[in-house]
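Take a look at these structures.
Shared chain: chain A. Partners: chain B in the first complex, chain C in the second.
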Partner chain A sequence: MALNIIVCAKQVVDPETPASAFRIDPDTKQVVPAQGIPPVVNGFDENAVEAALQIKEASSDATITVLSVGSGFVMDVMKKPLSMGADQLILVDDPAVGNLDAFGTATALAEAIRKIGEYDLILCGRQASDWDNAMVPLGIAEILGLPCITIAQKIEVSDDGVTVHKALSDGYEVVKAELPAVVTITNELGEPRYPTLRGIMTASRKTPTVWDASEVGLSHDQLSHKLDLTELYIPVSDTECEFIEGEDDADSGRLLALKLREARLI
Partner chain B sequence: MLDYGQVLDLLTDDERQVQSTARDFLDAEAMPGITDAWEKGEFPRDLIPKLGEMGYLGANLPSEYGTAGVNNMSYGLLMYELERIDSGLRSFASVQGALVMYPIYSYGSEEQKQNYLPKMASGEMIGCFGLTEHEGGSDPGAMKATARKDGESYVLNGSKMWITNGNIADVALVWAKDDGGVVCGFLVPTDTPGFVANEIKHKLSMRASVTSELVMDDCRIPASQMLPDVRGLRGPLSCLTQARYGIAWGALGALEAVYEDALAFSKTRSTFGKPIASRQLVQTKFVDMVSDHTRGMLLAWRLAILKDQGKLNYSLVSLAKRDNVRAALLAARSAREILGGSGIVLDHPSIRHMLNLETVDTYEGTHDIHTLILGRDITGENALE
Partner chain C sequence: MMNVEDQRYELPQEIRMTRNVVRDYISSEIVPREQEMEHDSIFMDDDMFNSLTPVTKEMGLWCMGVPEEHGGAGLSIFAQAVLEEEMVQHAAGLYRPAYGTMGSGPPEILWEGSDYQKETYGIPTVNGERHGWFAITEPSGGSDPARAIQTRAVRDGDDWIINGSKIFISGAPWGDWGIVFARTDPDSRRGITAFIVENDWDGFDLEPIPVIRAYYPAQLFFDNLRVPSRNVLGEVDNGWDLLANKLLARARIPYSAANLGVAVAAHKMAVEYSKTRETFGAPIATRQAVQWMMVDSEVEIRACRWLIWEAAWQYDAGEDFRQAASIAKVFSADILGKVVDRAIQIHGGYGVTKALPLERWYREARVRRIGEGPTEIQKMVIAREILNPGGPPG
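For the complex of A and B:
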């Protein structure tokens, strides 16, 4: 069955950036990219690419389009999904969409998806590691009028739709939807594959499609912030270390448990 | 990646992606078990099919025989990342790719290429390269191994020493003298009667790599196993130029590993109320490491461009191998020193890299032999022979 899968992927600050290199600009309320630490594709979005590739391997006739909205794209970073095996990459690259709130991002992605036209399944990461909002996929589904299943740890596509194992804290739920649908993917799905050299070479022959905001038909109004970020700061964390001494290991353990209970941690 | 001179900016998107992917992949798959493998004196064999799957074996050979066909910049970056984990891992890839697959590709018959290259690229088949003998490895022309023609066969006799991968190899590329005393290359399946590999134990260097003695006692192979398109020492020496190119990159990976570890340590280790990173004597060591790494990267980058243009001279490869390896060795010793007592245990990578680099400084032409090669090139006077 021919299947058009769109995977939304975001370029984010590397979450492995050491705390010592992490800087913010409180005036513009933005993170200042650390010198020498390139950004990465959001980890959950890589899981979504992996999910798409697994679906493609199972159904053979699928096309995977990776879509991203932003500005200042680093091409060797954004081409990673292509190197993993996705078929094409579309970037909505415009300063106007560089610093949107979740609503603006969902709008921009939804408009770009409309412009792409053909889609059966839209996959997103469960959340992006920069702001951890987890709002964009729901926004896309709302704008496009599609069902949305979140936090998929397993996903299968068949003629009558998509079946998802939705991760819960104590197990999973099996949820089905008709296509087209939006599904968000979590890391329990499994490690995203590494791009092989062959994959990187194949991707190097593909040129990403780049659209600006006007080509997608986005107006200034549509992108205005619905949420205002009032303050951005790095929290100061104090650590205090207390040694708990007991008569023996078992006693120390008991006293530790008491302390933790007092602190309402257990 | 340690990149003080912003060499990464000079690379293409794909080359940067090759580097960052190799780093992620090797950090996840190879780094966790390497210290243990080194301590046990074992090569981490479970990595071989994964390296094949990723395309890391013989990666810079044209893609027609199942190899990845990346350029020499990407290949160099791969060697860098492999040796950042351990010189044993890079040695494995160098031997497989530069010392066995490269000569089969360059000098082999079509049948040999078909038989060996795809399986070696996937890691299904492992190769070793037998040039050095017990006596004076620096003078390979003095080799004693012979290959006597007998009808449609060659009968090999002699032994080879310090051969990487010897005991895990399926095929040994053995260099031996034919009836006319000319050095030729022979692809010897390691299950051929009369062929024995003896593993060299008690090594305190390259412990995560297999090193062997090869003994050939009337070892008879079909004449079609000879590499048809090369005669004389030019054959093995051309392979060494390929491998030395990879070492020039690889050593910098080891340098980065020891530098990063010692730097992190120095920031948290305090004496007399201050972190040791704040001490001038300690800073001098780091500055030397970063200077050497930066110079080495620029040189390696230049080498890659010349190699891709087909303009790379073997003496410049000698210079890069000699300088970058010695720089890495000195950096590993400095890093070990900065770590104090902690530097002598395997919890930190510096002593492992330091001991490995003693081999890297010696094999593929010792530091001094490269000095003599360069001296000869510069002055026109031969102090080597």
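For the complex of A and C:
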């Protein structure tokens, strides 16, 4: 069955950036990229790429398109899904879409998806590790009028649609939807594969398709922030160490429990 | 061609992307596992090892220096140098890059051998079933092997009989075959031949030599060791060319890249620590004395990288790369020691504990100015080329 899969992927600040190198600019309310630490593809989005590759391996005829909206793309980073085995990369690369809120991002992605035209399945990471909002996929589904299943730890595509194991805190739910649909993928799906040397050679020869905001038909109005970030700061945490001493170990344990309850921690 | 816009000097994208993959592999697969292991460990347990090798094989990075037709990735020396810098960035990395989970091929010169030799020794080594070593140094000396090699090989019918001893042979305690350079023409300084021998043959004996690093070498003893003619590598009396020109000079490039990689890892630790450790009310990174240590390391590391890349480019272009390789070797071995030393200084007491890899690197780094040709010998090679460019090798 011919299947067109679109994976939405975001370039984010490397979450492994050491705390001492992490900087924000309180005036523009943005994270300042740390020098010498390249960004990465959002981890959950790599899980989504992995899900797409598994679907492609299971069905004979699937095409995987990776789509991203933003500005200041680092090509070595954004080509990683290609080196893992995705077929093509489309970037909406424009300063106008460089710093959107969730609704703006969903709008931009949805418009780009409309422009791509042919799609059966849209996969996203369950959330992006920079803001952890988990809102964009729902927005895409809403705008395109598609069903959306979130937090998939397993996904299968058949003739009558997509079947998803949706992770819950104490197990999973099996949910089905007709295609086209939006599905968000969680890390429980399994580690994304490493790129292969052959994949890297292929990816390095591929040129991504690049659109600017106007080519996708995005107007200034559509992108204006619906959500205002009023303040951005790095929380200061204080650590205090207190030794709890009791008559014996059991007594110390009891006193510790009391203390934790007082602090409403248990 | 001469405007700024036309000239962009950067690594090819495929090398940069592969470097990212190797970096990711080391930091996600090797470093966390290593934290559960002994400070000086040189091997990973079998289950761990066997769970990782399918991953690197799938990645296509198994034995990256081995030619593709023999089961490796067939990468250029330049690509290898870039990747080696990443591969070694963990505690055991200097001597056991990725704990061997990215494969370890035979000594490169084995591929100059016969089909029988490639099939019997080369391919099984690439497959991880056999492990090879090479033996040049003797108790009589390593700096000047042309004179110091006293191990004798004498023809006996279709075989050769070897008598003598080799010392400081890395990998031999865990290997099962190796290349022994022995004198076949006692009247000529160059009358040396390379033989492939096996550890379990009669007349072969081995004694471990405890040294400053955990990956200890061994002394080998040959007592009427009988070697069939088909195990002569290359031509009789032609071992010197294999040894000096093909084995030693080439190996200096990845060897230098390993020095660089560990220096980079130590430097990163120092920079990170200096920003978080406070004395007298401020991070030590704010003190000029500490900054200058890090500046020196940064400058040396960057210079070192270019020296290694230059040697690698020359090798890949088929040019005479020997002087450049010696320069890279001298410089990288030297700065590795200095950078690790500074990183220890910046870490204070913690720097010398066995909780951090710095202590281990400090000991291992000391070997690097002696092994693969001491600094003074590299300088002889460099001087020869300065004084007599393009002249014959020594």
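Convention: the second predicted complex is superposed on the first by the 251 of 266 C-alpha atoms of A that agree within 3 Å, B and C clash if a C-alpha of one lies under 4 Å from a C-alpha of the other, contacts with A are read in each partner's own complex, and residues count from 1 in each chain.
Here is the rule we go by: a residue touches a chain if its C-beta (ideal position, glycine included) is under 8 Å from a C-beta of that chain, and two chains touch if they have at least 3 such contacts.
What you see is a predicted model, and the numbers here were worked out from it, not measured in a lab.
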Does the chain A-based superposition show chain B and chain C clashing or fitting? clash
Go through the superposed model and pick first if A:Thr207 touches only chain B, second if only chain C, both, or neither. neither
Which partner, chain B or chain C, touches the larger number of chain A residues? C
With both complexes overlaid on chain A, does A:Lys80 touch chain B (first), chain C (second), both or neither? both
Which of chain B and chain C A:Ser169 touches, first, second, both or neither: neither
Share the list of chain A residues that count as touching for chain B in one structure and for chain C in the other. 38, 75-76, 79-80, 83, 194-198, 200-201, 203-204
If you look only at chain A, which of its residues touch chain C in the complex? 16, 18, 20-21, 38, 75-77, 79-80, 83, 193-198, 200-201, 203-204
Contact set on chain C toward chain A in their complex: 12-14, 16-18, 20-21, 24-25, 27, 55, 58-61, 73, 272, 275-276
Show me the residue ranges of chain B that touch chain A in the complex, using the header's touch definition. 3, 12-14, 16-18, 20-21, 24-25, 53-56, 59, 63, 68-70, 74
Interfacial residue positions of chain A with respect to chain B in the complex: 36, 38, 75-76, 79-80, 83, 194-198, 200-201, 203-204
